[in-house]
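Each of the next two complexes has subunit A plus one more chain, namely subunit B in the first and subunit C in the second.
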Partner chain A sequence: MKEKPWKPWLLLSPSLTAVFLLLVVPVCFVVVYSFWLRAPSGQDIPAFQMGNYAKFFADFFYPSILLDTLRVALETVILCLIMGYVPAYFFYRTESRLKPYLMLLVMLPFWISFIIRTLSWINILGDSGLINHLLMEAGFISSPIGLLYNEGAVIMGLLQYLLPFMILNIYVSLDGIDKSLTEAAKSLGCTEWQAFREVTLPLSLPGVSAGCLLVFVLTCGTYLPPMILGGPGNDMIANLIFKRVIGTLDWPFGSAISTILLTLLVIIVYTYNRYMGINQIFKTLSKG
Partner chain B sequence: MAQDKNPAFVRFKNIEKRFGKVTAVAQMDLDIPEGALVTLLGPSGCGKTTLLRMLAGLETPTSGDIYIKDKRINDTPVHRRNLGMIFQNYALFPHKTIFDNVAFGLKYRGFSRDEMTTRVEKALETVRLPGVADRMPSQLSGGQQQRIALARAIVIEPDVLLMDEPLSALDENLREDMRREIDNLQQVLGVTTIFVTHDQREALSMSDKVVVMKDGIVQQEGDPEEVYNNSANHFVADFLGHSNFIDARVEAKENGYLTVSLAGGSSVRVNPAGPFAPGDRAEIVIRAQKMTLGFREDLSREPEMNYFTGKIVDRSYMGGEVSYFVELPTGKVLHVINFVKRSPYRRGDEVFIQVDPYHCRLLGD
Partner chain C sequence: MKRFISGWTLIKLYTLFVYIWMFTPIVAVVILAFNPQQFGSFPMEGVSFKWFVKLSHNSTILDAFKNSMVLGSLTAVFSTAIGVPAAMAFIRYDFKGKDFLNTLLIAPIMIPEVVLGVALLLFIRWLQQPKSFALLLIGHVVLTLPYVLLIVQARLVGIKREYEEAAMSLGANPLQTFREVTFPLLAPAIFAGMLFAFTISFDDVTATLFWATAQHQTVPVKIFGMLRNSISPEINALGAVMIVLTVSIPLAAGYLSRRFARGSA
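Up next is the complex of A and B:
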């Protein structure tokens, strides 16, 4: 059999072309733009200078938003992990005939526009929203409490957006675990909980790891929940970019912030994969 | 209820398991003597695995009781039953080294590190795989993985060793080796073993006792020779080995044997499996290996024997022996397996079949 080494590339070529034209090229544009100069008249002047980066690090204002973003992303990851593992584990263990329908419920939010889903939280958390209304009706409070326009609301919005990603990632990993492993562990003397800790949990880590990474990266790049549900102080880095590019039309500075975020994420993802990423976990599993 | 003297090491008493409307095991009584290797044999869905899993504690019986050493264990959780379980797909922990796999049960029994090391090494030697303790399961072959699973199960010195089709994932030659190995190991250790299989050769070659099951009901239990030679019913005779079934009508008794008439008017002498009266409708079972072929022109009748004549319509050569299909004048086709002496018979050869009446078992309907 004669191997034709170019054949796999031929099959990959449509997606590679799309990725190159629609992702790599625009990102290159952004990087190039970040070195340009913005004239006071509002004109973008081609240049190669670090002024935009210097402006970002000039005082603590912009970096603090970046740090806030990372903090919120980390909090979202942890909450998603806790709230995602339980349903994923339920789907793995259940023998119910309703399982496909219950799994459909996890996918259901994807059918509704992200903006609509985010806006709907206003009706729940707002001053005249569901929760405040119920609490006032019940007489627990006399005036509405501020549930909206704070970081809690933002994280709530992020959770409802990202939880399905976490659940599905963990579920796929759990689903690949042979159930007789748990039975073997129990027959050797483990209680249900010990068997989970010894077998199921470690073997589900690839999915946990992938889910965490996905949620983290998606949180870092999202701007809708802070924009709709957050207050003035809850801007995340993507809101900053949005405001620079769409608001003040300052493309060079927006590009510089984008480039900083991109670089930071590449470093984080690389480090993460290096030490606790999917590859690492699989390597540990097979120790080959 | 444990007052009655109980020679059985493991006892299933009136055990029943239903999954919804499906009855997997129906009101079964089964005793398993200490130190024996007992196989539960039957086609898939016969309830053999369910029975094993109920003993292991992985399924809860719908009704009935299970005893080990006269102690009712229905309410004992899996992890306190002290049973060694071996799974079809080995079920080694992929993220743990061989040492940690084998030592797993010892860890939960509170052994010290030194004691664990000694016992694991001994177990690995018992399964003839010393020196693999530091490897990961994925670095071992299927046969080796199953041996590690065996080591993991025996190292805890279980009361009963439970094996759920442990050989079915292995390829043919390896299966044969593993079968002998498990057999030897079981005899050396003397541990009571329950072995679930759908492979009759496994069951016949290694068991002290075979339990043939179908539809959640025990069809026959006994030592391998008994169930093979004196199959209790059509199902057992059909499931074990290659059997021929011929409808017959009982004619007369004759010193231990019966004379029966067949379709087409001929009559043969048969060995009855139970009481029969003249006129009864019954079925003769003849094993394919118990019949001998000869060229029809060489036929010289011995009065003690039964004879059929026919023509070979098909054959398949299997190396040591040949499988022949012989069509009788009535149109009935008999399956005969003979060793090849010189050259095998060919399709179209006119042959006679000789069979001892002892091997013509007469079964009731």
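Up next is the complex of A and C:
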């Protein structure tokens, strides 16, 4: 097959053309547009000026949304890790015949509509939702407590969306560990817990870090959970972009915020790739 | 050993708790869809199908459903049509810049949908084209292509090159080799890729909110609009339909592929 060096390019050309024309060029457009000027009449004027970026950093309003986004992303990562590691470890160690089905069940939410999963929390956290209903039936409270439309509710929605990604990443990493290593550690006198701490845990860290990166990046770009489960103060950066572009039609400013978000994510992913390698994530995703 | 057993019990309980946490909201949607009350909330007062009946008479939802089906199917076809050859190129050939291009084609997974939405819409605006069904379709193809690539590549790695080389040495040309050898072996992955592309397209909200025109609304975008005036039993009913639909498709596909695999073995 070596005599035809053009063949792979022929096979690749449709995909490359599509991604180049529909992704690379448009994203470059966003960057270019972020330097344009928006006339008071609402027209966009080609220019090269930093006004849109200056506007973003002019006062604390916009940067605080960016910081909120990063904080929520960090909180979501930590909670995902706490909730995800143990089930992943359970899948690794269990010898139950039900294991394939239990794993299928974890993957099931991937297939369920994101908007349905998000709004389903209204039935749980709302004023007449499950929790308030149960608490009132039990007599703990006399009127509903506000569980919805705050940051906690947003994080609930995010967790439900992202937990399967975390569990899968950790599981794939755990599954690659040779079980005889823990046996060896135990035969040398380690307790079960010591064997886990000294052998299994360090070897599962690649999966842990891959899961953390994926959850962090996906949270940073999230739009729906703050929109549906959050209150007025819970906007994240994606909501801001949507409002500026679709709401006020301020394309240059919307482009500038998009560029800021994208730059931030590129820096994070690039740094990660430098030290950890990004392929682990792609390999894991292909198993899902 | 005894200590380990109690630790293991804790792990099992913890996992059980995570399952309960994950599925309670989803189950609640399905249960509340049968609540006859005006407000879709607890407590349940009887069981009724009236919201499903009401739903089946809602013509805007039915239109959106049709749009979603057509869009999802076309996205699945186009996405696999361009994704499968690309996967072949990456797995079967060596060429310069391979790793870079592979990362480039999979990168859209990591780009926020909001940015993709703005970018494509801005580009279309610059070309002075109106929003259209075509925009929605090409947008969804870009969104789903990385997943198709990942799934098909993962499968291709497992198909031995020797099979193809054997066919070639017996006189088959590359096209015949693909048709008679590679394609049948790859078919389950192509099918899985199509299913995944369909589901992603069918479920997508954020990017679709940017690209959809008033005539070409999809079901999730419609639900998003309905949510503006708080949650209603009708939304729960629609959610229940969507859950049953999107869950049964992969389960049925998994079952069928297992049966076929057993049949051919």
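Here is the rule we go by: the second predicted complex is superposed on the first by the 250 of 288 C-alpha atoms of A that agree within 3 Å, B and C clash if a C-alpha of one lies under 4 Å from a C-alpha of the other, contacts with A are read in each partner's own complex, and residues count from 1 in each chain.
The working rule: a contact is a pair of C-beta atoms (placed from the backbone, for glycine too) under 8 Å apart; a residue touches a chain by one contact, two chains touch by 3 or more.
Treat the numbers as computed from the prediction; the structure is a model and nothing was measured.
Using the contact criterion defined above for the overlaid structures, shared-chain residue A:G126 touches subunit C, although it does not reach subunit B.
Of the two partner chains, subunit B is the only one that A:C190 touches; subunit C does not reach it.
Of the two partner chains placed by superposition, A:A54 touches none, neither subunit B nor subunit C. Looking at the shared chain after the overlay, A:V86 reaches subunit C, while subunit B stays out of its contact range. Judged by the touch definition given at the top, the superposed model places A:K7 against subunit C, while subunit B stays out of reach. Residue contacts after overlaying the shared chain place A:D178 against subunit B, while subunit C stays out of touching range. If you count the residues of subunit A touched by subunit B and by subunit C, you find the higher number for C. With both structures placed on the common chain, the touch criterion links A:E198 to subunit B but leaves subunit C unconnected.
On subunit A, the surface patch touched by subunit B in one complex and by subunit C in the other comprises residues 191, 285-287. Contact residues of subunit A toward subunit C in the complex are 1, 5, 7-9, 11-12, 14-16, 18-19, 22-27, 29-30, 33, 83-84, 86-87, 89-90, 93, 104-106, 108-109, 111-117, 119-124, 126, 128-130, 133, 160, 163, 191-193, 217, 220-224, 228, 238, 241-242, 245-246, 251, 254-255, 258, 261-262, 265, 269, 278, 282-283, 285-287. In the complex of the two chains, the subunit C residues touching subunit A come out as 3-4, 7-8, 11-12, 14-15, 18-19, 21-26, 28-29, 32, 39-43, 81-83, 85-86, 88-90, 92-93, 95, 101, 103-106, 108-116, 118-123, 125-126, 138-139, 141-142, 145, 147, 149-151, 153-154, 199, 202-206, 209-210, 219-220, 223-224, 227, 231, 235-236, 239, 242-243, 246-247, 249-251, 254.
Looking at the complex, you find that subunit B touches subunit A at residues 56-58, 77-81, 83-85, 87-89, 91, 93-95, 104-105, 108-109, 136, 138-139, 152, 156, 162.
Listing the residues of subunit A that touch subunit B in their complex gives 178, 180-181, 183-191, 194, 198-199, 202-203, 284-288.
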